[in-house]
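The first chain written gets the first letter, and so on, giving A, B, C, D and E; residue counts start at 1 in each chain.
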């Protein structure tokens, strides 16, 4: 999952330091990788942005049985680079004083799905429909906002929260109750020593700390 | 079989491709003409600049366009001072992006075609009282028709298939900026393969028949050379 | 009306340097070997190329001088190109119309229908240029040029690819153009024959320079110019119709030096006419001969002799003051004892009526 | 400034674009030649088919190619029976995908250029003892050079910027199938904007100078027509 | 060697239907008005177009018959096109080399250097075709064709755009080609003049059909063909050198009908030569005249008379059995009382030596 790329890069660096193994990371959308794995991609492990695709792969016998696990829980925030634009109750949504609200495509990205659920929960899904701009993934949604073309939008907390940095602009930390938890799962695709070792490492305390620093909850 | 969203995507796509092609022809024709005639020393610089957008991955080009069109970008800032609506996430923005991206596919074939016309027919027309503009329309353009044809086909088809730029600056708004290519892409990503196949089939068939018609027509207009 | 043209043109090694004063009526022929700059001159006059520093005045109007440069489409001329130049995307009829449509109706003087029938291209109107033969293409190009009713007609060897019969049909029409419509014609040609038949005024070009220029009858008979030594050398004689012979279908014409008989024409008595007397058609005798098929015999005096090769001489004669040329062998010249001032009889085998 | 991964992406990109362009010219030249000469009634069908890949969004085209090349696809299955390595996720696979995708950009300009050559020069060459192949190489190709130039520029640049197909069937494997366009895309996605700008700059400069060289060279070879 | 050609070609309204048996040596001229099918015929012979059903045999070799069709590049011919045909991407020198390089060294018979100097194109070798004048282009095309040392040379009006002087330099070279190298030449022309000078054999084409075909001296003097009525009508006479006159630089030639004197040439005594006697250069008298510049006078009898227009007649004469033509006015014919069998004196003003 491309949203996890920063965290995963740091993880792999730590892993490489600890074990002197080499990890090659390939980022891309979950859907694309799923299609590629089905068609014989030479990948060892798969970190998806959702549960759905790893489950499907498991059903299709393309993964090592029992290797599926949740490596992080994504958090959604409503973010704007403008200071004070989003308050702690996100009243800005009801006032609708914006032209464009960016979300990820709910059909494709769990974060988009979550954004939809939040809006539905607040009864705004229909009324804001015309103002929604949808990125192919959460990364694009972020770019829409960051470039100022959309005033605000739902992005991953991980995107605005960099380790050891304060968040720019204003945001609303969406209560977990408003959306289905975004479980991000990983699976092993081949039975290799190194891959197993890496999966173990990801679940270590050292790794969980890093993941948390990058703005995810841990299971 | 086609959902409403599909239909509206088809309409947006055709509108976008047609408009983009028309604008490209409008802009590209004088540009290509000028480049085929000028003896300006630094023409090659301009030629290289026109071809340049091609080498950027569409999504990245789209990203830069997005930044440029945004309120902090040069174009966006200009639009703001002029009091105009920002261009991102609008159909107009899409058209601008597609035009930039497909420019070389239109300019290059036109320039080649104009060069192949040569000076002679235009000189003859001049001695028959045709003003420069007159002979441009009555001689240069008809004789360069194969080039126009190639330019239109490449420009049109490329815009239909275009995707990265459109996705980036369009924001995938149904009915406004959601084009067929994105719709199909979404279906593939969402693993709705049946629907994706079906839409792809429609797109291919539609395009195929349009291309067929255009190519068949083209044979009528080719100018024979001895 | 007059045409003044001054051009200095450099193209690679070639240099055209001319300063011409051409009459604004009649046919001016530009004669010169291949590569002497004929086409270059025509293009400069048409304005197809802009050579700075040139000067061009046509009938009082300035077409080029200093910064002033009238673009070609605003010059009321027509140009028949040396090489095929039909518009490939238009059929013959639309080629013909192309210029016609761009000329105001009020300026139409030449009828398209007439040009079409003259050039024998009625059956080609619907055809595309690529299906035409070489001569057919050239004929369409001529008709197209005529159809714009130009005030100056320029032709770059238009008849080279046409057969004699067609030439003989087209030439009188071109003559008519300048006579009836008073359209001056500038005519590039390799053929002294064609030139003698057609031109009133001659410009002799060689390697980009003007060797001689003047009214045709003067230039043709000057022994110091290459024209008199040409195998087609001829003299032009101005005469007037003095009678018609209905029985034999002949016409008699008088000129200062005597009478000349040609094939019957329809010119009224007393009207002026131009005659071409080829140098090789003129033989000389010391006595007036009879019982001969030669009808045209008149007195003349030798005005000059120049050798042509080792075997032949060109004799310039004055017949009543009118210069004519005769080419005979050196042997005959000796046998007849020709020398300056000697009186002889000139026998002219065949004479072409040019008007 | 450039990481090792960036450098290897540049190398892969240049290799891919060069190879694709060469293959396209090799395949496209005879095809375009034949299409410019034939009077085959159904030529327009073939022309439409060649232009067709253009209208599919690259990622979708990539998806179909992936399915076709994968072990369950027709090509993949064939390769397997032949005992060959499957093509998906290999550099070879990338080349195949790019060739299919960029085909019309090469074939169309070439066909136009060959048509503009006309019959006459070839007839003249025939009477000067040149066999069909001989006159193809010594007359048709030199006279059609502007078309070759356009075809190469469009094909090359388009392959450099190409992205969707490559991402899909290449799998973004560093050193093998990760091209520069994908690398830039990844940096943008990962919000490493500085790195993305830097790489884009490198790509643009590199391409610009290559285009410059090519265009400057081209002026030498243009054939003048009267 | 012989050339047998049978073609039935339909192009739109035009239909070419010929069945020819041409001699395999010497110059065969194809003469016909614009659009009569000359170029079409040449292209069929060269194999540039494949007309099924045609038949073509050249010197025993079959170039086309039934399914058999030798492609043009395998036919050892050269073709000078009617219209400009230089390769635009090659300079003059590389244009000239193009064919030369493709002919085996052993087959080289014509020297490129000689062709270049003959056509006066030495100074153009480095130039690109677009900088050449019309005539220069054509000269390069001729040199290029000659350089392949063809076994059959086909020329489609190659001299139309060249001036007389150049023509007169090139024509003897083309004659030499077929005499020294025994290369047959097929030559398309509009000019009966050029044809009479050059051709041994003549094909008269009109609207796609062969009107007459045969050795030139027969065809030229046949009163039933249009050629005898042409303004350039002429007879070809075979003679042999009987003496040289060093003083006057003359050469005497004898033929069955008498003696003819021409400009001195270098032919040895007794060698054969061809003479051209233009119809308009031949005048008739009833008595032998003296004290005249005309050197060539001989007895002849009238063999036929045909009217040309109302004023002129063409008289066919037999001088020692050799046919010659004279064009005179009807009036003169009446005055001289010309009728079949009547003896007259033919005076020939100028004679061209063709060999």
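Here is the rule we go by: contacts are C-beta pairs under 8 Å (C-beta built on N, C-alpha and C of every residue); 3 or more make two chains touch, one makes a residue touch a chain.
For clarity, every value in this text was computed on a predicted model and none was experimentally measured.
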*Check every other chain and keep only those touching both subunit B and subunit C; list them.*
none
_Farthest-lying chain, centroid of Cα atoms versus that of subunit D_ = C
*What whole-number Å value describes the gap between the mean CA coordinates of subunit A and subunit C?*
91
*Report the inter-chain centroid distance for subunit B and subunit E in whole angstrom, where each centroid is the mean of the CA atoms.*
60
*With chain centres defined as C-alpha means, what is the inter-centre distance between subunit A and subunit B in Å?*
36
_Where in subunit B do residues touch two or more of the other chains?_
63, 120, 182, 185, 188, 225-226
*Return the residues of subunit C touching two or more other chains; collapse runs of consecutive numbers into ranges.*
83
*Specify, in ascending order, the residues of subunit A that touch 2 or more different other chains.*
32, 35, 143
_Chain-chain contacts as defined at top_ = A-B, A-D, B-C, B-D, C-E, D-E
_Can you tell me which positions in subunit A touch subunit D when the two form their complex?_
2, 5-6, 9, 24, 26-28, 32, 35-36, 38-43, 137, 139, 142-143, 146, 159
*asked:* Per the contact definition, I'd like the list of subunit E residues that touch subunit C in the complex.
replied: 11-13, 32-35, 38-40, 82-84, 123, 127, 131, 133-136, 139, 156-157, 160-166, 168, 190-192, 230-232, 245, 247-250, 261-264, 280-281, 283-287, 289, 291-295, 309-312, 326-334, 336, 347, 349-350
*subunit B partner contacts - residues on subunit D that touch it in the complex*: 43-45, 47-49, 51-61, 63-64, 104-105, 108-109, 111-113, 115-120, 146-147, 150, 153-154, 157-158, 160-164, 181-182, 184-185, 188, 196, 200, 203-204, 207-208, 211-212, 215-216, 218-219, 222, 225-226
_In the complex with subunit A, residue positions of subunit B that touch it_ = 63, 66-67, 69-73, 76, 86, 88-89, 167-168, 171-173, 182, 185-186, 188-191
*Which residues of subunit A touch subunit B in the complex?*
29, 31-32, 34-35, 56, 99-100, 102, 105, 107-108, 132-136, 140, 143-144, 147-150
